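Shared between the two complexes below is chain A, which has chain B as its partner in the first and chain C in the second.
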Partner chain A sequence: MRVAGYDPATEPYEVRKRLGILFQNPENGLVAPFVEDDVAFGLENLGVDREEMRARVAEAIEAVGLSGYERREPHTLSGGEKQRVALAGLLAAGPEILALDEPTSMLDAAGRREVLGRLQALRATRTILHATHHLEELVDADRILVLNGGNLVSDVTPARLFSDAELLRENRLVLPTVQRLALELGLSPAELRTPERLARAVLARAARGAGAR
Partner chain B sequence: MRLELRDVFHVYAPGTPFEVEALRGVSVAVEPGEVLGIVGGTGSGKSTLVQHMNLLLTPASGEVLVDGVDARTVERGELRRRVGLVFQFPEAALFAPTVEEDVAFAPRRLGLDGGEVRTRVRDSLEALGAGHLAGRSPFALSGGEKRRVAVAGVLAMGPEVLVLDEPTAGLDPATRGDLLALILGLKAAGISVVLVSHDLDEVAEVADRVCAIERGVVRAVGTPAEVFYGAAEEDLAPATVQTVVALGEAQRGVGRPVRFRETLAALEALAEG
Partner chain C sequence: MANRGLGQFYPASSPLHALDPRAKIVATAVLVLGLFLVDSIAGFLVVGAALAALVAISGIPPGAFLRILRPVAFIVALTVMFQVLFSREGATLVEWGPLEVHSGGLRLGSFLALRILLLVSAAGLLTATTAPVALADGLEHLLSPLKRLRFPAHEVAMMMTIALRFIPTLGEEAEKITRAQAARGADFSEGGLLRRVRALIPVLVPLTVGAFRRADELADAMESRGYRGGEGRTRYRELRFRARDALALALTGLILLSGILA
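And now, the complex of A and B:
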């Protein structure tokens, strides 16, 4: 294995500078006594100077909507707040490659949208590995790798995966609710990604039916 | 059993600069044998609320009633047994060398005899589809398997109310589906289930009633249709409801379906005219 050309076994420091990981259980990543130290933790190891560090930490905390939480102790936070702190740490460090394991599992709808929006913006300059069981979070991905039993079984576009019922079934993947409704209605699941589009397609079909009668 | 919270307030770190009023006059009941969904944004007070159900947290003011009786008068161990609480990310608390011993821990502390403990351990692991894991080390399991074992540990106490705080967060669809089936199975057996979840689609599938909380206050309680159609514009509706609402004018003939199957049937009827 190589990360940006470096071997993690012999050059872990070089790898850590370039690759940031967000763990599935946010508690596993929180280490410091206060939220702000936790967010700064990754930066401290990068040798960033004090001033810049302070600015980047403040910016990241603001970005995840946790202003005012700087001096809170991480263990007193709610599940979603912990996940936001962990994400802020990653944003502050700003590695070239972000590996995220179920980054929105504890977030509400608004939080999920914010995080996905931020990841979308980061794509221009970063590589993102986003592991999730929620396929709706991957609709805009460049590629989806399907793993099963430790093997890479497929490397496809979201549109391909969403319309391949067999591939989904074999790997016990479940389409998002909107796409499942579309599929059962005989409409194209890959194109009808939002409730609004699905509703329009249903209405269009009803109108066509009425016209034919 | 009927569990009721009446005008409950909870304050964390009172008198410090970090004082948080996490619950501000919450009243809600869990009726016998129902599935009550609890939904609300990050930090709205859901975990705080459910930890009052077995007095793991005590209210600053207000009451918790068990079948009409002040829960404080019920012996602590008894209350913790009757109201089983599964925390957010419960797998972090697995500790025994084998799955079997982990699940046996709580029932053994109830003073049950060895035979009864073994039966309960077997039954609850089986209910979670985890019977084959009994002899394994909990630390060497997958995330989904760990979650199954953690839930089995609480189920083995034989609760009358099972409270699940984000039980499906981060889970694969197969484990998620099994957990939802378990919830409906418990309900059929007369056990009440409280389900805290950010996944409104899954709450829509299993809940009899929904309680929506926002910044420590109950914003709505009622059937899923009442709560979700009342909140469809505010980020608090499952994809089924959002789709029906997006029909606009045409929604009138469709009614207010919430579950997947009902919604599909309603959309099919509309599309076919």
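And now, the complex of A and C:
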């Protein structure tokens, strides 16, 4: 196996420079007693000098929407905020690939929205590998790899997966509410990613129906 | 945390808070060691007055500072009592049955009490005016020359930092477990000492297990973020030794010297 061209077994440090991992539980991933020190931790390890470190820490904290939190202590933050601090720590170090290990599974609804919103904004900037049980977190993905019992079952686009009822059933995957509703209404679940788009499609159809009558 | 005890940081903006932690650590160490050379009431008064002035400068309310000293009051009282009652030096002042109080004992006892009080005050002033993180940073810098003797200065500082990060977290977890056990009918407030200690076991076991799990995850997270020890590592936090820090050290030396000579 190779990550960004390096073998993790023989060159772990090269891999760690290029791969940032966001873990399930943000509580145990934060090292320093203050937010800004924690965000700087990865940069300190890389040996980045202080001036550049300051700029990159400020930028990363800004990118996750936590400006003003620099001197807060992690135990005073909510789960979503902690996960965003962890994310800022990864972003500051500037990895090519972000691997997310169920980053929202230990968060409440508000925390999930915060973290997913920030991740959404990062999609264009680098490769993101997102492991999750929630299909709605993957509606915008380029590729979905379905794993079952440790085996790769399929490598498809979200559109294909959402319209393949058998594949979903075999892997005990549940369609997100919006897509399920679209399917039940006889609309294409793959194209209607957001509740807004679904609503618009339903309105359009209602208008057509009214016109036909 | 409402009750401030020994070693508690007291945030304020004062000239003492602004000093380089290294200067404060060295000054405190010098003062603590030097106190053993002070050997007269006048000397203790000089050092005591200087410390009182420093407390006034530090912006810590005197009442709060005295509370820092409270935990050691018992130890001080005990040592003084032993010195006064069991020393047989000097002229006999009071004789009451088997109890005798000699002038030498009184002198030694009061010196010892003053020494402990001033020592704790100096240390308390250091921790009250220096944020724990700054303290850890300062110690790492000061201990780093010992790296050549294979002393793990960076590791010690990293341990302190992690401990500071996780103390509140583990405190919250202990509280949560205590409540969970209380909800299952555990009783922590009744019975003798032995029963109460035994009641703590169902709290300590999950807390310890949880701490090990945390440590595991933390180690994974640190490694994945490229941590490989102190070698080649830069620091985000900057310590600057300025003129005022040199001045503070000189002043400490002066106070101590006049205390010893007085």
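Heads up, the rule we're going with is that the second predicted complex is superposed on the first by the 180 of 213 C-alpha atoms of A that agree within 3 Å, B and C clash if a C-alpha of one lies under 4 Å from a C-alpha of the other, contacts with A are read in each partner's own complex, and residues count from 1 in each chain.
Definition applied: a contact is a pair of C-beta atoms (placed from the backbone, for glycine too) under 8 Å apart; a residue touches a chain by one contact, two chains touch by 3 or more.
Keep in mind it's a predicted model, so treat the numbers as computed, not measured.
Peer 1: What is the contact status of A:His75 with respect to chain B (first) and chain C (second): first, second, both, or neither?
Peer 2: second
Peer 1: For A:Gly89, select first, second, both or neither according to whether it touches chain B, chain C, the two together, or no partner.
Peer 2: Second partner only.
Peer 1: Answer with first, second, both or neither: which of chain B and chain C does A:Glu27 touch in the superposed model?
Peer 2: Touch status of A:Glu27: both partners.
Peer 1: Taking the superposition as given, does A:Glu102 touch the first partner, chain B, the second, chain C, both, or neither?
Peer 2: Only chain B is touched by A:Glu102; chain C is not.
Peer 1: For A:Arg172, select first, second, both or neither according to whether it touches chain B, chain C, the two together, or no partner.
Peer 2: Touch partner of A:Arg172: chain B, not chain C.
Peer 1: Go through the superposed model and pick first if A:Arg50 touches only chain B, second if only chain C, both, or neither.
Peer 2: Touch partner of A:Arg50: chain C, not chain B.
Peer 1: Touch test for A:Glu14: chain B only (first), chain C only (second), both, or neither?
Peer 2: Neither: A:Glu14 stays clear of chain B and chain C.
Peer 1: Check the residue A:Leu198 against both partner chains and state whether it touches chain B (first), chain C (second), both, or neither.
Peer 2: first
Peer 1: Touching A:Asp37, do we find chain B (first), chain C (second), both, or neither?
Peer 2: second
Peer 1: Check chain A for residues that touch chain B in one structure and chain C in the other, and list them.
Peer 2: 25, 27
Peer 1: Going by the contact rule at the top, pick out the chain A residues touching chain B in the complex.
Peer 2: 24-25, 27, 71-72, 76-81, 84, 101-102, 105-111, 133, 172-174, 176-178, 180-181, 184-185, 195-196, 198-200, 202-203, 205-206, 209-210, 213
Peer 1: Any idea which chain C residues touch chain A in the complex?
Peer 2: Touching chain A from chain C are residues 132-133, 161-162, 164-165, 168-169, 172, 213-214, 217-218, 220-228, 232-238.
Peer 1: Give the list of chain A residues in touch with chain C in this complex.
Peer 2: Checking each residue of chain A against chain C gives 12-13, 16-17, 19-21, 23, 25, 27-34, 36-37, 40-50, 53-54, 57, 73-75, 86, 89-90, 93.
Peer 1: Report the residues of chain B in contact with chain A in the complex, numbered from low to high.
Peer 2: For chain B paired with chain A, touching residues are 12-13, 17-18, 40-43, 47, 88-89, 91-92, 143, 166, 169-174, 176-177, 198, 200-201, 235-236, 238-240, 242-248, 250, 260, 263-264, 267-268, 270-273.
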